[in-house]
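This report refers to the structure that appears directly beneath it.
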Amino acid sequence: MSDSASQSAVDERLKNESFGARLMKRPELGAIAGVILVTIFFLATADPAMFTLSGVVNFMTPAAQLGILAIGAALLMIGGEFDLSIGSMVAFAGLFFAAATVTMGLPLSIAIPATFVFAALMGSLNGFIVIRSGLPSFIVTLAFLFILRGLSLVGLKLATGGSTQLRGVREAVEDDWLAPFFSGDAFSGLFAWLAKNGLIETFKSGTPKVPGFPVEIIWFLIIAILATWVLLRTPVGNWIFAAGGDPNAATNSGVPVRKVKISLFMVTACCAALVAIITVMDAGSTDARRGFQKEFEAIIAAVIGGCLLTGGYGSAIGAFFGATIFGMVVIGLTYTSFDQDWFQVFLGGMLLIAVLFNNAIRKRVTGER
Amino acid sequence: MSDSASQSAVDERLKNESFGARLMKRPELGAIAGVILVTIFFLATADPAMFTLSGVVNFMTPAAQLGILAIGAALLMIGGEFDLSIGSMVAFAGLFFAAATVTMGLPLSIAIPATFVFAALMGSLNGFIVIRSGLPSFIVTLAFLFILRGLSLVGLKLATGGSTQLRGVREAVEDDWLAPFFSGDAFSGLFAWLAKNGLIETFKSGTPKVPGFPVEIIWFLIIAILATWVLLRTPVGNWIFAAGGDPNAATNSGVPVRKVKISLFMVTACCAALVAIITVMDAGSTDARRGFQKEFEAIIAAVIGGCLLTGGYGSAIGAFFGATIFGMVVIGLTYTSFDQDWFQVFLGGMLLIAVLFNNAIRKRVTGER
Amino acid sequence: QDILVVAHGQANDPFWSVVKNGVDAAAKDTGANVEFRSPETFDMVQMSQMIDAAVNQEPDGLVVSIPDADALGPSIERAVAAGIPVISMNSGSDVSKKLGALLHVGQDEFTAGKAAGAKLAEMGGSNAICVNQEVGNVALDLRCEGFAAGFGGTVEVLPTSNDPAEVEAKIRAALDSNPDIDTVMGLGASTVGEPAVAAVEAVGRAGDVNVATFDMSASFLQSVVDGKAAFAIDQQQFLQGYLPVVFLALNAKYGLIPGGDVPSGPNLITADKAGQVIELSAQGIR
Amino acid sequence: MTEDTKFHHGDVPEHAPIVEMRDIEKHFGNIIALAGVSFDVKPGECHCLLGDNGAGKSTFIKTMSGVHKPTKGEIYFEGRPMSFDSPRDAMEAGIATVFQDLAMIPLMSVTRNFFMGREPTKGSGPLKRLDIEKMNATTMEEMRRLGINLRAPDQAVGTLSGGERQTVAIARAVHFGAKVLILDEPTSALGVRQTSNVLATIDKVRKQGVGVVFISHNVRHALAVGDRFTVLNRGKTLGTATRGEISPEELQDLMAGGQELAELEGSLGGTV
Amino acid sequence: MTEDTKFHHGDVPEHAPIVEMRDIEKHFGNIIALAGVSFDVKPGECHCLLGDNGAGKSTFIKTMSGVHKPTKGEIYFEGRPMSFDSPRDAMEAGIATVFQDLAMIPLMSVTRNFFMGREPTKGSGPLKRLDIEKMNATTMEEMRRLGINLRAPDQAVGTLSGGERQTVAIARAVHFGAKVLILDEPTSALGVRQTSNVLATIDKVRKQGVGVVFISHNVRHALAVGDRFTVLNRGKTLGTATRGEISPEELQDLMAGGQELAELEGSLGGTV
């Protein structure tokens, strides 16, 4: 049976493939052409302030917050399910966290884990209902979209005695040793030193224009790398692709599809909780409208980044670039001199052009048809 | 080869099936249990006014407006695609129609066909891009969600000279012979006669509580019947199911998948245009927020009614019941004495319970597992 | 007595939650049975259907806001025809009488915007952005229009979403790319006002740029106290919820009704008054 | 069907080919699936396409039935150069195909799958509608003819057994096959009885002047009905042989890609 | 593989069965797929499950491998009553299955499909990761052993040819098969060479004491490797025969559901 062992080395049934083609074939790099196109567009049309350090940090901050959600959503979509409740989860986890720190006065070392545990519980409830009932996750999590949003309002009114804003979080957590991990800017010492040495821009007063790297960007990078590692390099990643690609076939091949899906719901909810914690600590307050429609934007970012709505295909890095494109376009248009009435028209047009371009490039490079 | 012709008459491999089981197996009837549950709930909790004639008409009106969109969305979903731009299309077609009648003073016999033609063109553009690029329709129509919404804003400002609200439609079309088909109440003579004879409720002043049957309900019924007929009794219906079930297999079997999908995009856009015309004529005005999130609600209604998000399965009657459930819950809560703060919690809870109940009943009756 | 309130703003909107708190307080004080209802988004079609639903229940009084007289007119006239006393509040002062409402409690968005614009112009502003978190919501669009009318100088509308991070980034972007901007007008305190203050600080122009906003939140008022923001516009919307209910309750009981419209604002809360208001704002009363 | 059917008839009818394919190449990205294959099928003959797994048989017949566009090469249909844009075009020209993956929609009923793309209607004008009774009756009848007794014509195809599903695809192609019938491993999942029915059916349609392209891994099935045999190997033809020119052993050798089978032959005792 | 493999060995080893199924019934809604089937498989034997299309073979082995829960009936695994909640449970007990629909994810690569659910890792702690090189090498090797030379292990399974895909499923089951190996029509899409390899592989694993359940429509394949033969017909057993007790003709007759084949036999010339 040792026939043709030599054949596998050089197979006459293969053409040579360029390096570019091999890169573009990877779903995680698919969205890169879109990022480049959008960058070129704004380099040409936007105020140069957009691509200074402070400008980049400025548009990467909302992109990072969206991106953390988008990566969670992407994992779940690859696993074949949706979670429409993440936007409401941001509001509800924010309320939970704010109430824990302000109303109950708990230290962060308790409040943060508690928020995550709580979010994970809600996520697993979502997952459990989906798995048990066999209903589409779209409709189940939609119900939780409404329920959690409503509960946030009720909870806020309870916690504040009538207002829809709960404030005082910043004061409550200011001195906590965990606070720097979840709010403010990282490496502020480094940036101050750079500013002193004239390596980065400063205000006239001498303080650096960018006091540091917002922590959400760092979280965003960490989570993107972690999710990519899990997807591509661990058994669980394989199970996620399998569960989304064909749950029946996956179950029959011994993949614990139910466990995988429930875990993904928990992860997604925890991503929402992380965004909630970061934004609540940044803003110092929370209100009932936090995270409004974020589920939608997260799915958009994941799809721009190459995830299939039908599951089984996509990548975390793609969601990363998708969120970046979305963030750049939304914020970037403010740097241009277009009439802002046209904002949505441009937003839609840019999204469409970015994905079309992306797609065209990929097809051209990989020779797919 | 004439073996066992007798076997096909009574097959020992079949158990008897109850009539209920056969009914519940049909996707178009799946949502009926949910309607019944919701009705029972409101019978128990709501003001009895809800189930008087005027109450029913009252909640069926929004249900019908949503339902017209939902049927379009359901057909498209069965065909395997989404249209996220229908909400914006309602706004834009509304603007188009209002501008045609008010600003340009065209008669309805020109304005209405023009609006439909225009909507169909936009729909086919959507479809064309989706088919040509091979991108998911989710992302393409999302771009049009933004573009059309933005254009509505720009167009309104142009048409009104700065305001985002265009008024005066009612005055402009009042005397047009086509107006009664698209606005107001049908059979109002009949209802007045019924009221005079005390057969239906009146206000203290003697005017009937229900002046007639709102035309949107009649359109809703017509479209539901038509769509069901097309789906179940025509070749095109078969093609729609096939195109959504597996576009490759369908193409290989000779189904003109591209044409089917583009037509469906056009139909969906025309449904949006119809809703736009009806609501603009009813309200007498239009604004830039019309139809906001209606795409979402339409998809919800279709999914409640049993459509699969992955395509290839669902029904128009299901979407009909789905929209009815949604409309009943949204308006019905107005008739109850629940605190508005809890509105969303109830809305979510009711939706979840309705679909779970539905599902449980169907499984029980058909013995599926 | 049954009194129904149908408003165009949602219960989770900071502004409208205060209105609702007023409604609830009036319900308690009068002992009437009051329900507050609103559509899920700014949706005139659905709102007219909700008014119809309210009319069907033949309440003893109906309170409505009227941001679009064309769309809501027929439903309100139907209520009046059915013999239900109607009071309009918040928006619609111009059409209230015509549609048959007894009176109007509130203040026009346009007027409020105009007052704010005039005040900011007086404070030295000449180049402003009006940050609108819900473009197309006619009630909000009117605020910007009024602001532009009162302000006189250049006014650019900046469309954003409800997300504070995005609002802050966009305001920073606007300030970065146009150094002439000296005034930021927000249409909501917690969604726009607070991020606007943060954005102005982040670009290092605190003091040069005047920030003002419609409505109030405790955090924004704190900024006013601290001198980081100019003022907040208070419509005293608690009154818009409270008074109509009380009037209708009295009307149902004794047939009493005031003779004319009640203006509830505008009321500019500047640094000197802000301190007292913070507590009340944190409780959802102002 | 009559008992005296003879599969082993001698001569290939001499006609111009219905479909002729010349030097077809097909690449998928960097993968070369076909590296120049020529092939034709004449009316009334059964031309067998044989070859190892992955040799390119399915890819080849997909270019013939309009699913793939060839990267290079020409297709002649009834003598004229032709390029099918879609399977529907090919179908309308008279080519019916049973694909290896069957091209069925699992969620749809047997009847709806059977008539997918070519639904019969009754009535006219706005009342024109599917002739459901006729569709159901035809489906049950055609299935029974191939040896499958369906429980009900509205069972979803996804819940049929493998062989039942394959039979639906075959029955459909036979029912609509006009000039050329392409069968890609049609008997792979079929039972003994169903297989014999399918082979008999091939013989019958061939007699009616239809050109049949038959792909199989089973030498016996190929020899039972084939008039000519073309063997593919790694994307290229190893040549075409006419019935009688070649012995079963030679053919089996070719199908396995030449010398390699010899090593294994002993262990199988000729059972494959 | 050695040249002197003998498929035709006489005696069935006398052991207690690994899996025993008693009076299994399975209903889907109002459809009765199995109406009481008993079956067992012993270590080191190859037990063939034969029968017409739609007889219930696939449904039966799916209850054995934990996919379906039987509506009625008992399952004993190594003598103890057992009810598998999921295929994973069955797998962990040592049952590996090649399903008729193969249970592959088309969008995933060959390697990822091969190891799906049982991925080897290297490293430890947070650095524990898939051993990609080993996975790729194993996949290529196991495929080559069954006669398929893949171009690259990262090709998506959806783009493989039918036979290549089936071989992935077989190679996977053989690689992981521990105590019982269930093969549902494993050779249906395979070429001559691949088929002979698979039959030889069955023989090899049986010799190692694994119990094999083999479903086929090909009498020759069944007779080549089978020790016992159970025939299903319309959801019921027609009985079990031991090698030698039954002639190929009798078996073929039974597989076609009894007398019905006789009518067709003549026309086929024993070619099926």
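The letters A, B, C, D and E name the chains in turn, as written, and every chain counts its residues from 1.
By definition in this document, a residue touches a chain if its C-beta (ideal position, glycine included) is under 8 Å from a C-beta of that chain, and two chains touch if they have at least 3 such contacts.
Values in this document were obtained by computation on a predicted structure and should not be read as measured data.
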{"item": "Shortest path length from chain C to chain E (each step joins two touching chains)", "value": "2"}
{"item": "Centroid comparison with chain D (C-alpha atoms), farthest chain", "value": "C"}
{"item": "Comparison of A-C and B-D by number of C-beta pairs in contact, larger one", "value": "A-C"}
{"item": "Most remote chain, CA-based centroid, reference being chain B", "value": "E"}
{"item": "Geometric centre distance via CA averages, chain E-chain B, whole Å", "value": "49"}
{"item": "Distance between chain centroids, defined by C-alpha means - chain C, chain D (Å)", "value": "72"}
{"item": "Separation of chain A from chain B, taking each centre as the mean of its C-alpha atoms, in whole Å", "value": "33"}
{"item": "In chain D, residues with contacts to at least two other chains", "value": "1, 31, 101, 147, 151, 197, 260"}
{"item": "Residues of chain C whose C-beta touches two or more other chains", "value": "11-12, 135"}
{"item": "Multi-partner residues of chain A (at least 2 other chains)", "value": "3, 13-14, 149, 153, 157, 341, 343-344"}
{"item": "Chain pairs in mutual contact under the definition given at the outset", "value": "A-B, A-C, A-D, A-E, B-C, B-D, B-E, D-E"}
{"item": "Touching residues on chain A, where the partner in the complex is chain C", "value": "46-47, 49-50, 54-55, 58-59, 61-62, 65, 149, 152-153, 157, 160-165, 167, 203-205, 207, 209, 279, 282-285, 287-294, 330-332, 334-336, 340-341, 343-344"}
{"item": "In the complex, chain C residues that touch chain A", "value": "11-14, 17, 21, 135, 156-159, 161-166, 168-170, 172-174, 176-178, 190-191, 194-195, 198, 203-204, 217-219, 281-285"}
{"item": "Residues on chain E engaged by chain A in the complex (per definition of touch)", "value": "1, 65, 67, 86-88, 91-92, 97, 99, 101-108, 112-113, 115-119, 121, 128-130, 132, 140, 144-145, 147, 149-152, 172, 197"}
{"item": "Residues on chain E engaged by chain B in the complex (per definition of touch)", "value": "27-33, 35, 234-235, 260, 263"}
{"item": "Chain B to chain E touching residues, read off their complex", "value": "3, 12-17, 21, 366-368"}
